[in-house]
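You will see chain A twice below: alongside chain B first, and alongside chain C after that.
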Partner chain A sequence: MIAALWHNLDYAASVILFCIGLYAVITKENLIKKFMGLNIMETAVFAFIVAIGVVDGGEAPIMGPGVEPPFINPLPQALILTGIVVALSTTALALSLIIRIWRQCGTIEADELREVE
Partner chain B sequence: MTPWPPLLALLIVVPLTGAVITPVVGRTRAVRSANWSLGVMLATSVIALVLVVQVARVGPFSYVVGGWVAPYGIELRFDEFGAVIAVICLLGTLAIVFSRRYAARAMAEQRIPYYYALLLLNLTGMIGFAVTGDLFNLFVFMEILSLSGYALVAVSGEKIAEMAAFKYLIMGAISSLVILLAIGILYALTGSLNMADVTERLGGAPAAPLAVAFGALTLGFMVKAAAFPLHIWLPDAHAIAPSPVSAILSGLVVKVGIIGMLRVYQIAYGSGAVDMTALNTVLMWLGALSIVMGAFFAVFQDDIKMMLAYSTISNIGYIIMGLGLASSYGMIGASVHVFNHAIIKATLFLGAGALIFQTGKRTLTDLAGVGHAMPWTVAAISVGAISIVGIPPTAGFVCKWYIALGAVQAGHPFFAFALVFGALFIFIYYIRMVNAFYFRQPRDPAILEVTEAPASMLVPVLILASLCLIMGVMGSVPLSFIEPAVQRLLLPLGGG
Partner chain C sequence: MIRRALVIFVLVVVAIPLMLAMAELPPHGSPDAPPQTHVAPYYLEHGPEEAGAENVVTAVILNYRGFDTQGEVTVIFTAMAAVVAVLVAGGAGVPAERTAAPTTTPVSLIVRFIVRVLAPFIVLFSVYVILNGHVTPGGGFQGGTILGALLIALTLIMSESDARALLPQRPERLLQAAAPLTFFAVGMTGLLLTGDYLAYPHSGPTIWIATLMLTVVEIGIGIGGAMVVATIFRTMGADR
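Showing the complex of A and B:
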């Protein structure tokens, strides 16, 4: 069990990170902290998918003389590049929503906002 | 070789390019952006019609993007379930027509082009989601439509609009992440992202990661579809968004979760590697709960759009239950209800939007007696209400009847009972609404002075209301259209 966990340390780490993020999203009252939790979850999923492509002792798959396999799978990295763009736009939108909430209600604490509603 | 022109690629390229150009077109005069986006949606609708006719004639077909043959490149795949693009284009066009007067009143002029751009992006995302054959591409289109959806909710300028949009964003982003995680696991197991290829390679994969992947996909798509305990983001977002946007969100965007589930089923049943029995049981119960609880909450709403939003939850419940039954009747009923509910709910939301636009009031108490002042709009809403309750000969009846048959066919008559029980609840609150509009004493006599909605609002509502009737009278057409796809889907289970 411990050995298996150690061998898959990267996967275990992303699961732990995911749970930390989810905890922050659920428990934090400050909207920016809530959203930071979401960013942690995003990072966890991205790290997990990049880790899928890693091969022990692998190199970047750039072809040329004197390059030997094994190679690292570049596809997950390309996917996550797209994923990061998506995460960036989500962050931009969320922060601008938070700014407008603050201007309208004068607070960004979820419990105080419930009273305003 | 794919025939020229590559319609399937144009189906996405036309609205996407159109959306990006919209702010430029409307830079000097905002009304140009309205005309432009209407033109873009009409062009897309023509393409969609040609494709739907083609799939009815020859069955599913695909398009290879950029010459990269599947499984290496992205494949666009069009099947009978993808025919939902026809409804997307129809509702998109009508919502854009409806928005013309709404946007002129509710928004600052320099922001109107961005509103249309977001609307087009949202529709593009849904079209792409329905036709892609690649798992990661599915995620990207899902994010396009979700992000534009969050922004569109915040557009309305109501006091709690931003808060509703933020709540929607948090739930939406979490569900997207869960889905991405599942896609990552599927990639790790099969080394492929093409859905057909994943289906082939999934056999012999270890059970535990498979269970996690399919569980995560179901969870994510159920949040998107707003099944009962995961629905908390929906009522505020749908009630507060601008009415044309509510019609799109409630009619189409929640269906993304359903179409996603259909794709999950295609992979799971096609590969035969996943035992869906446990998940199906969960879905049946989720569906039954959503029907009853959605209807229960709707009964206590006084705000008309809030009531319609809760009614969406119970109707999604019907669809989810139909899927979970995994019998051919249930599946056909559920797939057709995706189309019919979109049309019915758009009728109701656009009709309610016209009422709110003309009267400035949004609760049933304040709107009492409005039926005498705006006869056409209220007549259309009444047709929508009759359809959603499922009284023959309207569009809602056919699907609910099929789902009930499916429950009996699958050996779960209890769920047919839940369905009828839910329909009774729904009947109560729609009767309450129609009663208030026609027969209750107006609280404020000024409401009788209100004039009928302008043509750009009335015409879309009337078109949709007549479609509610047409889809009911000609109910067998969509049923026989979707049947081959469902038979293909259930074939590995022994034909259902």
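Showing the complex of A and C:
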């Protein structure tokens, strides 16, 4: 398994990044830190999917005179561009909700919020 | 202590199956892996002459998967609308002590000077990125984000009324919706030209029309994206 993982080091790195994000989501009480953890998890997924499209020795998929195959797979990049924009949207909405919680309750610590109710 | 053990247990339970799955995947970078052998070769081969964009990523985003991107620009517009609704609409009911005198530090002279000097170059760069999205890396979203960052930087160094005067109030609403509106307009143009919504003229002598339509969509996405990013930032910073 270790030998197989050594070939897929990029994928293994994104799993580690995913776990770091998950750790932050589970353990941090501050809502902004929780959401930063969620963003790290998103980034891990993006890195993983972009890494799938990599071809050894490939060039950027921009045609023109003087470029020749192999090319990097353009499809994961296009999908992840969409994903990044949606991640931006969710981040903006979540931060505004956190600002609203701060205004209403005066705290953004999850454990204190449970007592406020 | 039990809590910490539980957290480690959860992380291990998540990580080990994922690592096993990663070890089973085809080797990283191999040209024969399934993602590289199905639809991607078609895009790489026919993209430039069929879609009117030498950058195949742009061809995929705006031409082959245009519907997807139209939904995406609608999502960021909706997110901006939701941020405004959450933060502006519910202003009442704030306890008094929390609205009391926010302390803002004035921005230093150096920061103000540098932003003012760099602003024209940032605008130039963002226009370049937007307009060259079909031949170089870049495109509407990337250029729009650069433009939006410039708007945010200018908002930071100016007083609030100056920053508001930077963009007039009336077309602002239209500019925020620029991306979905441009997509709709170009989609209808495609309907008139080819008989299908969001279809572009195929390869042949009329391919320049497709390139022109792609460029119009890029400009729309760029303006709309910049306005959305700047509006979200301003709405969040309005009650500093």
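Assume the second predicted complex is superposed on the first by the 117 of 117 C-alpha atoms of A that agree within 3 Å, B and C clash if a C-alpha of one lies under 4 Å from a C-alpha of the other, contacts with A are read in each partner's own complex, and residues count from 1 in each chain.
Rule of thumb we're sticking to: contacts are C-beta pairs under 8 Å (C-beta built on N, C-alpha and C of every residue); 3 or more make two chains touch, one makes a residue touch a chain.
As the structure is a prediction and not an experimental result, all values here were calculated from the model.
Enquirer: Tell me the contact category for A:45 with respect to chain B and chain C: first, second, both or neither.
Expert: First partner only.
Enquirer: Based on the superposed arrangement, let me know which partner A:113 touches: chain B (first), chain C (second), both, or neither?
Expert: It touches chain B, and chain C stays clear.
Enquirer: Considering only the touch criterion stated at the top, classify A:88 as touching first (chain B), second (chain C), both, or neither.
Expert: A:88 sits against chain C, while chain B stays out of touch.
Enquirer: Of the two partners chain B and chain C, which one touches more residues belonging to chain A?
Expert: Ranking chain B and chain C by residues of chain A touched puts C first.
Enquirer: Kindly classify A:64 by the partners it touches after superposition: chain B alone (first), chain C alone (second), both, or neither?
Expert: Second partner only, chain C.
Enquirer: Looking at A:104 after the superposition, I want to know if it touches chain B, chain C, both of them or none. Which is it: first, second, both, neither?
Expert: both
Enquirer: Name the contact category of A:56: first (chain B only), second (chain C only), both, or neither.
Expert: Once the two structures are laid over each other on A, A:56 reaches chain C alone.
Enquirer: Looking at A:76, would you say it contacts chain B, chain C, both, or neither? Reply first, second, both or neither.
Expert: Both partners.
Enquirer: Would you mind listing the overlap between the chain B footprint and the chain C footprint on chain A?
Expert: Shared contact residues on chain A (touching chain B in one complex, chain C in the other): 18, 22, 52, 76, 82, 86, 89-90, 93, 97, 100, 104.
Enquirer: Which residues of chain B touch chain A in their complex?
Expert: 136, 139-140, 143, 147, 150-151, 154, 159-160, 162-163, 165-166, 169-170, 173-174, 177, 180-181, 184, 187-188
Enquirer: Which of the residues in chain A end up touching chain C in this complex?
Expert: For this pair, the touching residues of chain A are 1, 4-5, 7-12, 15-16, 18-19, 22-23, 26-27, 51-56, 58, 60-64, 69-71, 73-78, 81-82, 84-86, 88-90, 92-93, 95-97, 99-100, 103-104, 106.
Enquirer: Enumerate the contact residues on chain A facing chain B in the complex.
Expert: Result: residues 18, 22, 25, 31, 34-35, 38, 41-42, 45, 48-49, 52, 76, 79, 82-83, 86, 89-90, 93-94, 97-98, 100-101, 104-105, 113, 116-117 of chain A touch chain B.
Enquirer: Residue numbers of chain C touching chain A in their complex, please.
Expert: So the residues of chain C touching chain A come out as 7, 10-11, 14-15, 18-20, 22-25, 27-31, 33, 35-36, 39-40, 43-44, 47-48, 54-57, 59-61, 65, 68-69, 72-73, 75-76, 78-80, 82-83, 86-87, 90, 93-95, 98, 135-137, 139, 141, 229, 232, 235-236, 239.
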